């Protein structure tokens, strides 16, 4: 008896499943508690529930239609980019599509990469984790006013219409992939998408209450640290898994990811200390820097060397720091209430990282090997391949336009049936009005009343006097 | 008009509050405070270092009452409570903001 | 020089160790902080210490006698089920039993599964993680009144007498395994067991103080989110590891687990929104749904297809929602103070999941392969094997009766030597009385007094005046 | 096309990357939130930022010079130990050093161990995670007064000068490794080093404010539980990864690690209950015991049997409990303000564990296998190799002297340029003074003022009256 | 001298505080309390168990004023506020510790 | 009988509390409040947004004293403290609940 077929390699399958689990942890509990700690106390529960429910919704959509739209056979909608912009929807719930060998029609078997060594369920689950984290990221733009029901509708529509096109174009063998645009593990598909869509959604839905914007301080920084730590280390799976094998490029991607992140964190920290308005190191600034580094290295992780990773971290952190502290203070930007600044830390950072691939991608960084010993790898402008930068620009433009447009359309369409914003009197109160729950419930409030059935018991409770009595002895 | 202030152990507070409700006192302001004698004096020990905590969490209750009712209210609190202290201070005037009622009408 | 013997496959060994680590994380910090956030503030420390200490106790018991009782050679106690209900106790602390090849006498080499490709220490550690989480789960039934010393005695006894029998019967090649009853990774052995034993223990130990029951609100929902997130993703190891190899069935089990969980979470959410008493989505309701999905798919994970997983999530969530909101409100159920409702989310959910295996198990879901290319798999009622449902019922009945009975006996026995409940005056106070610690210590209390040795220093501290002075400048 | 070269084994590479990720998680968020929960509320942000920034700094130093100093070719500085005490500094940022096969000049290819089966980036990243956690550990000694800028300078200097020597001597094939001293995964290199350096640093920098020392209660025990849980399970990677392969010895190391930890936790718990001053089980005591077990088994994990692991846990826990509760109360020890007691839980525990290797190391615990089937393993005093104890003593002495001395020198040198302590008026306030942030920000403070630009908006906000109105209805 | 105490809903507090600043009142002591009638009575529901929370978080404001100013201050508070209650108690003497000023000079 | 109320900076509170203990004052009620002037006015900056925090955490101390002792108590507080304000209000009657003692006996 043997445990699995010969096309399957337990090492590669394990790596992929572990990478997927790490990416899953980045969403739940990672982003959920990172954002729960960053928002006002009165919105923490709402934020977490939006995260948990979006994660669930995307998985259901994913197995029912979205995976095939992202990684299936192309749906030929017209000429040019329309010929391979999205896949035919379909389910992946049968036994065959769970335990059969993984494959992406336009990629596997075309010589673009080696045969997968794991089953389709591994590929589907790994890619689900990426699809799921994307709405969670731009949740940061719309928290504090979005109607919960509208969110439940928005997520499957956005994921099915927007995300699947992003993924198909760059990873499913779609038009931009064929043209040669690169996105190692989601600088465009995920982060630029989240930044763009979040910003548009924030504009369409409108700002939080003025009073909330003025008073929006975080509520729990250690909670932020937990989310941030899980994000950082979880990113080992996020970027490490996109070679699809537990090989040398995966390891290099992991090291580069950490390196760019460390540099970006320190860069932001030093900018805060020596150029910031208050000239002090701040924890939340460092975390911003960290996220910028993680996001910016994402499209580049396995394509650049360590030097490239250091430069990506440095450049992205400086640019986003300026974007955050200067651009973000402009009247124009203040009009749109991107609550947690996703447009900077994910949108700008993802864009910068994607363009830097066009500069720094180094052909010496072997992704795969040909049988003859030659390597499969990619090159950017600094390695004699100027066209790569154009390709990166083109792909970025496509993502920005498509995502912005469709986010707008989807929200307006939902707005016909359901209010996009919760009513102001609900916003005044927050979690308690939306969910009858609050983040840190206090018994004091209740000591004061008690549940009606319980009250009689409490008031009459015979233990009160004798128990309290000894306390008076001294 | 009088201001009646009571400092009560957290665990005995429900009984007093219930008694006041029965009496028909609607408005009451509740503050969480630290007091001595309302709970067992105890130690906290973190990682081997012992620290004495002599002031325990307690509940402070402030309520306005008409001159005529003050004695009754104090009595009710004293009877319903087990531990704690109550005191009465004179109030010169009171306003209920919503209705702009003054004096005892504001209660 | 070679790193390991040829029977060992690093991919499979890695998968198994990672799976074990994920299950370990589900307990510590997962369950520990999930429960710490759900209990009253005054019981958080007690809850966490019970979790950490039970985790430790089970490991010591595991290597000294329990692993062999669960997965060793059978102890022949009589005819029928008694002939193979439990293994002979023994230690596994020698060098040979740590680095030798793994084996389960009644399973390995019988043709029921392929040879293990990892050492005995991997098997022992993996299975320990399951044994350890079980008492942590039913801890949720008894928190807020159980005497800590009684807990320290209860855990090794329950684990040795009850858990090892459950495990041996279904996983160690015992009577029910031989008969063909199925439990992919612990719907019965762990969750039905925890639900049953927790309920009985709650009844035997008696309820919390009436005042505590009335006021028992959670204290920290983001903490709950952390625990819940770790539970969800950790379950990838919980269910993914039970094929014992990093193969196609492991991947399918992971995908199915997530799918059932997502469906169950959304089902509970929608029920709360459209059928619940307050018609609002709640975070803790969603978490309940999540746990129900995870538990219900556990006995089925690698036996059903994606469709099966969706149905398991849906059915289990509806049934447990009803059980929680309707059955749980009955006077009868209210009498037993199952503090966190373990009987619903683990007991009922595990039972429902186990029975649904008898319906949905699909022979197309290959677990292993025979050399001739045919597959080893199992079938339920809907795939022509009606008997499976009976087997599932029988195994469930055995677990319920044995666990309920022995939990009762063990607690009564312990009660002869040690009080099962802490005294009422201790219960009034909680953590501070039991451990001299509280969950969120405040310096205010201390500012007010200070440690006696330190007081002199503080009062006399010369810095106080000059430091405070500048504050008065403006 | 093939995914990776034939010298690479995906299973081993995956194990190593996962182990590294687990160790990374131990630092971020593990240690960061463990310490953030243990310190006074007013120092939580400072502690976390020091942790995140040190983690980043070490990685940058690591790829630029430190990895080569720890695991590169020896720098011949003189005779004897000076001949192989540290490696030649150099970068590892080129493509070749990222995707080429891993190697340690003095170890690989010398017959001391099998050839690596993963790339250099895997080795570099794995070892980075160890280098990074070391300063985070002794951060616990100096929190609550160290100047943040001095910390930013101290970390790269200490890591480059002290850590790299420790690592080279014992792991990089340096003098003590050649002599035969053993440190499975860092009892000396990391924990003894952290304990020693932390203690010296605490002495050099001086104590916290007397008022702070007197009032230093933890602020969040569930946060401590999260950090502690991640530490425990993360240690599966910490000790499991040091065989460098996903083999039988890795599995045994994992099981032994957990076993020693469980025993040490329970030992401390029982000592607290039956011999402690207040005769009560405490959560933070249990966590101390847990850390002691983890630390003490670290140098021994794959060298001892299960019985050895139990003894290591038991002996170390008793000794450190005495050290903590008796030695630590002496006037001499009180003079040095080792804020979180790192000298006990890491220094003493690491030393005890290292010496116990000299007693319990069991030749039956195969680390690697020779082609002829014989095993490579080590033996301690109880297995006929008395010299091992002397070697362990010698290596410990070297580490203690070198680390103490250099920590002193480095700090004094930094002190010439930057103040080592923050000024007292900053210490009075804590996080708010250093970072303009606090751990649990409250809107109450702000409700009271509001940001100046925002205030107008708030005060004039038209919604206030109508929104508040309905509240008055009942 | 008078002590003026106001219990206000948290959301209306900024307006009152701002009004007082405009009036030039420097010292004020703010306490977070629980009060009835200052917010919507609501339920909290955890895991299916509903509990009524009748006392909502509110802000209590204490400030000392000279006899002559007391009426003005009360008026300002009542006009700027929306809900809540204000009352005035007599104060016999006050000391500003830093300057050791007594009486109305201490304000 | 008098009610003596002091608002003190948190850091100076120990000294005052210690002084009162030396004076033999057993009962005292401690509330954590926000006050101005008791600490450095500072800014909090989260993610680049600066907010001024003018009210700092402080400690409010309420204690009842016999008419004869009130002046002494105020004096002790004023001497032991560094910053803050103290004021005295008249109390008409006080009850210690446990013993049902009235008036000055209740202190």
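Letters A, B, C, D, E and F name the chains as they come in the text, with residue numbers starting at 1 for each one.
Definition applied: contacts are C-beta pairs under 8 Å (C-beta built on N, C-alpha and C of every residue); 3 or more make two chains touch, one makes a residue touch a chain.
These numbers come from a predicted model, not from an experiment.
Although subunit A and subunit D carry the same sequence, what matters here is overlap: shared residue numbers make up under half of all numbers found at their interface.
For the pairs D-F and A-F, the larger set of C-beta contacts lies at D-F. In whole angstrom, the spacing between the mean C-alpha positions of subunit B and subunit E is 17.
Subunit C and subunit E have CA centres that are 51 Å apart.
Subunit C and subunit D, compared by their mean Cα positions, are separated by 30 Å. Listed for subunit E are residues 11, 30-31, 34, 37, 40, 43-46, 49-51, 55, 82-83, 89-90, 98, each touching two or more other chains. The set of subunit A residues that touch two or more partner chains comprises 9-12, 14, 18, 211, 217-218, 220, 226, 278, 280, 282, 284, 428, 436-438, 441, 444, 446-448, 450-451, 455, 458, 464, 467, 470, 472. The part of subunit E that touches subunit F in the complex is made up of residues 1, 3, 26-31, 64, 89-98, 100, 106. Note for the complex: subunit E touches subunit B at residues 2, 7-8, 31, 33-37, 55, 58, 60, 74, 77-78, 81-90.
By the touch criterion stated above, subunit B contacts subunit C in their complex at residues 11, 34, 40, 42-46, 49-57.
By the touch criterion given at the top, residues 43-51, 98 of subunit E touch subunit C in their complex. Those residues of subunit A that touch subunit E in the complex are listed here as 211, 428-429, 432-433, 436-438, 441, 444-446, 448-452.
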